[in-house]
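By letter and in written order, the chains are A, B and C; residue numbering begins at 1 in each of them.
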């Protein structure tokens, strides 16, 4: 077990390293970063000075090493747009995204899993057809469109909710719904198919043979087994949520990480972009890692491998 | 569920064995769901012949007719069936032209990513050893990346253009194919007919191409169909942000973005392109699901 | 005919599956009796309906396609098909129970052995916590699991196929049921383990006066453990008799063919006898006798009407036009 954990951590580390290489080269891709970051009226000497400050005159691998070692200490450089350390800017925005993501996740779990399971239990009946249609439609709509349609309905036509910004719980509803929409559809489908698979299995038949009441068969025997693939995929798909925040926060003007990265990209604030992408990747990789380890605990078969 | 399953060995052998050569797809196409295919063919037609069937020039502006509502609403006219946008451009024509863009990008990405992913899966799965280890590490790395974030970062850096986003999405997308197809390759590798081929001293490349590949084509097709929908959504998201196919090309995503600023007065500008996306992606998903059930009944958890 | 000795009587049971390809008559008028303490064998090829018959008895026919459309299942006189779902749930595990074919998948991988054996005890019997665990250990000892106190904290994947099947036995027998249905209980086990398992079942049966239905396609098992046999083909019972009678004087051509296909040690043969043709498609059965396409003695009347059941000698029944 310990060996398994160590192996996974090593793999995660290599992943992160690889991604940081890519991220590092982002700002070098479209030419000289100093040129990009300097104000338009800068003179050649200023640009050269900027180059030295940024360490751009040193060979690439030295630059990379500097980049990595500083990043590990939490120094991601200075944001060009905000004039503050990148990490600081990021940390201010992050709780907002957490709030949004948490609300979306809650929506997903509370709506998605029971819908999927009920669909499976009532396979073939009207609820199942409704569940399947809902899930399919949900995965066929882009997040930005869902957001805008919601705005049309609730802000323009009904005038119940404010269109954008962050403030009260009314501001949270639509973005959370839009963000969670795709994920909910995916979870519903997954819960349904996992549950259907499980309900077909011999040990479920065995539980019924033993005289276990049907409710317990579904909840105790079926649910727990079905949740393994669901939880795994759910956790692994948190990144889709992260991806979704980019769009959702832009549509609803929510001051979180997603909007930060979009704004930074348009402002050519490369240090900020690098910070955002690197941290996002790191978060994703560590989530995967934690999920893998937890998985080993839930499913006793893995422990003994 | 509920079909009386033949108990015993017969069912097992039918499912577990592969075959040398190509599995005939034709017989399997019976019972294909007609509506999704019809919708996809319709959009495909629009995509290829769009320039001939648009009622108006999608790029032509007509400020006098700006923000015309759809024909059935007050103030609308049959000249502009679905209404016009802020510059007086006909929405319907732009949607038809946009179909070409979305489908071009979609197919290109799916073909590139799928091919690359399949090649890597074949090499990785069949050759095993350190080749497998290295390729899988790389695949994992690509799978661990926040796709959209990197896509928009790259798109911004390289400049928004059709070719760039095809390249970006293909580079970020192959990993999904590789991971799944490698599993299939491993499964087939253990089959008897592969062992026979090895005994017959067939070369590695020959085995991979002639024996293994035809057996993973089914999975590849299912993945590709489902991925097409995802790519279209991605492309429209990038276009929405202004980082995808640049204006004045009428990418559906940018059309929705255009409509957003005039949402309070003109609901139709954002709505129709989104419905187009919904229809295409829904059809892809339905078709992909049907293909999955048809081509590989064991294929559940994806 | 309700006899005092019969613990179970199945009368004209019909279970159909409604599929996209038509109605599959998986069980089409099956009748048999099970006496107290007796072992009845149900034999036939794969797909003949033996498993569905057993599932129908305990009302676990796979939904939504399957439906029990007719007949009676009398457990000591009471018709199980008329009972409510709640009542049937209480009967399952307590009075009738079943062991499934593949022990590798019959146990829930997430729960310990002890937990799974304890479950029916907790549901059907009012015992204190400690008493439940004592019963679990007692049952595990009964099925000859070594060191039950240790084993019961382990998980199914840590056990061999033979052990898992024995644990399934412990699970199902813990509440002293009247009837045990064993659906191909040894098919998935190694040959050497098979004999052990069967003798274990026989032992338990004698101790508890348990009535058993053993479903199998293996005549060796029939010979070993069953007092009576019923032969099934395409959803119907074509012949039933005491084991000895059936082996010595088979009446139905299908039974004869089955027995002929068993390789005999003393007989030298270049080719093994096998029955011609394929088992029928259950949604498209031929008119008349279902075996007629493959029957070497087929007559004109066989293609028109299904033969009625005839009592050949006392207790020996067969449905064949040859015997009318």
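Here is the rule we go by: a contact is a pair of C-beta atoms (placed from the backbone, for glycine too) under 8 Å apart; a residue touches a chain by one contact, two chains touch by 3 or more.
Computed from a prediction, not measured in an experiment: that's the story for all the values here.
K.L.:
With chain centres set to the mean of the C-alpha atoms, which chain is at the far end from chain B?
P.N.:
Relative to chain B, the chain whose C-alpha centre sits farthest away is C.
K.L.:
Between A-B and A-C, which chain pair shares more contacting C-beta pairs?
P.N.:
Higher C-beta contact count between the two pairs: A-B.
K.L.:
Compute the distance, rounded to whole Å, between the mean C-alpha positions of chain B and chain C.
P.N.:
Chain centroid spacing, chain B to chain C, equals 50 Å.
K.L.:
Hey, how far is the Cα centre of chain A from the one of chain B, in Å?
P.N.:
About 21 Å separates the centre of chain A from that of chain B.
K.L.:
Between chain A and chain C, what is the gap in Å from one C-alpha centre to the other?
P.N.:
Comparing mean C-alpha positions, chain C is 52 Å from chain A.
K.L.:
Multi-chain contacts only, two chains or more: what residues does chain B have there?
P.N.:
Residues 1 of chain B each touch two or more of the other chains.
K.L.:
Specify, in ascending order, the residues of chain A that touch 2 or more different other chains.
P.N.:
Correct list: 123-124.
K.L.:
Using the touch definition from the top, which residues of chain C touch two or more other chains?
P.N.:
64
K.L.:
Could you please specify the touching residues of chain A with respect to chain C in the complex?
P.N.:
Touch residues, chain A against chain C: 123-124, 201-203, 205-214, 221, 224-225, 298-301, 304.
K.L.:
Which bits of chain B are touching chain A when the two form their complex?
P.N.:
Where chain B meets chain A, its residues are 1, 137-138, 140-141, 144-150, 152-154, 156-159, 229, 233, 236-237, 240-243, 253, 256-257, 259-260, 263-264, 267, 270-271, 273-274, 277-278, 281-282, 284-286, 289, 300-301.
K.L.:
Within the complex, which stretch of chain A touches chain B?
P.N.:
Touching chain B from chain A are residues 11, 14-16, 18-19, 22, 26-27, 29-30, 123-124, 136-137, 139-145, 148-149, 151-152, 156, 193-194, 196-197, 200, 229, 239, 242-244, 246-247, 250-251, 261-262, 265-266, 273, 276-277, 280-281, 284-285, 288.
K.L.:
Which residues of chain C touch chain A in their complex?
P.N.:
For this pair, the touching residues of chain C are 58, 60, 64, 85, 89-94, 97-98, 100, 102, 105-110, 119-120, 123-124, 155, 157-158, 168, 171-172.
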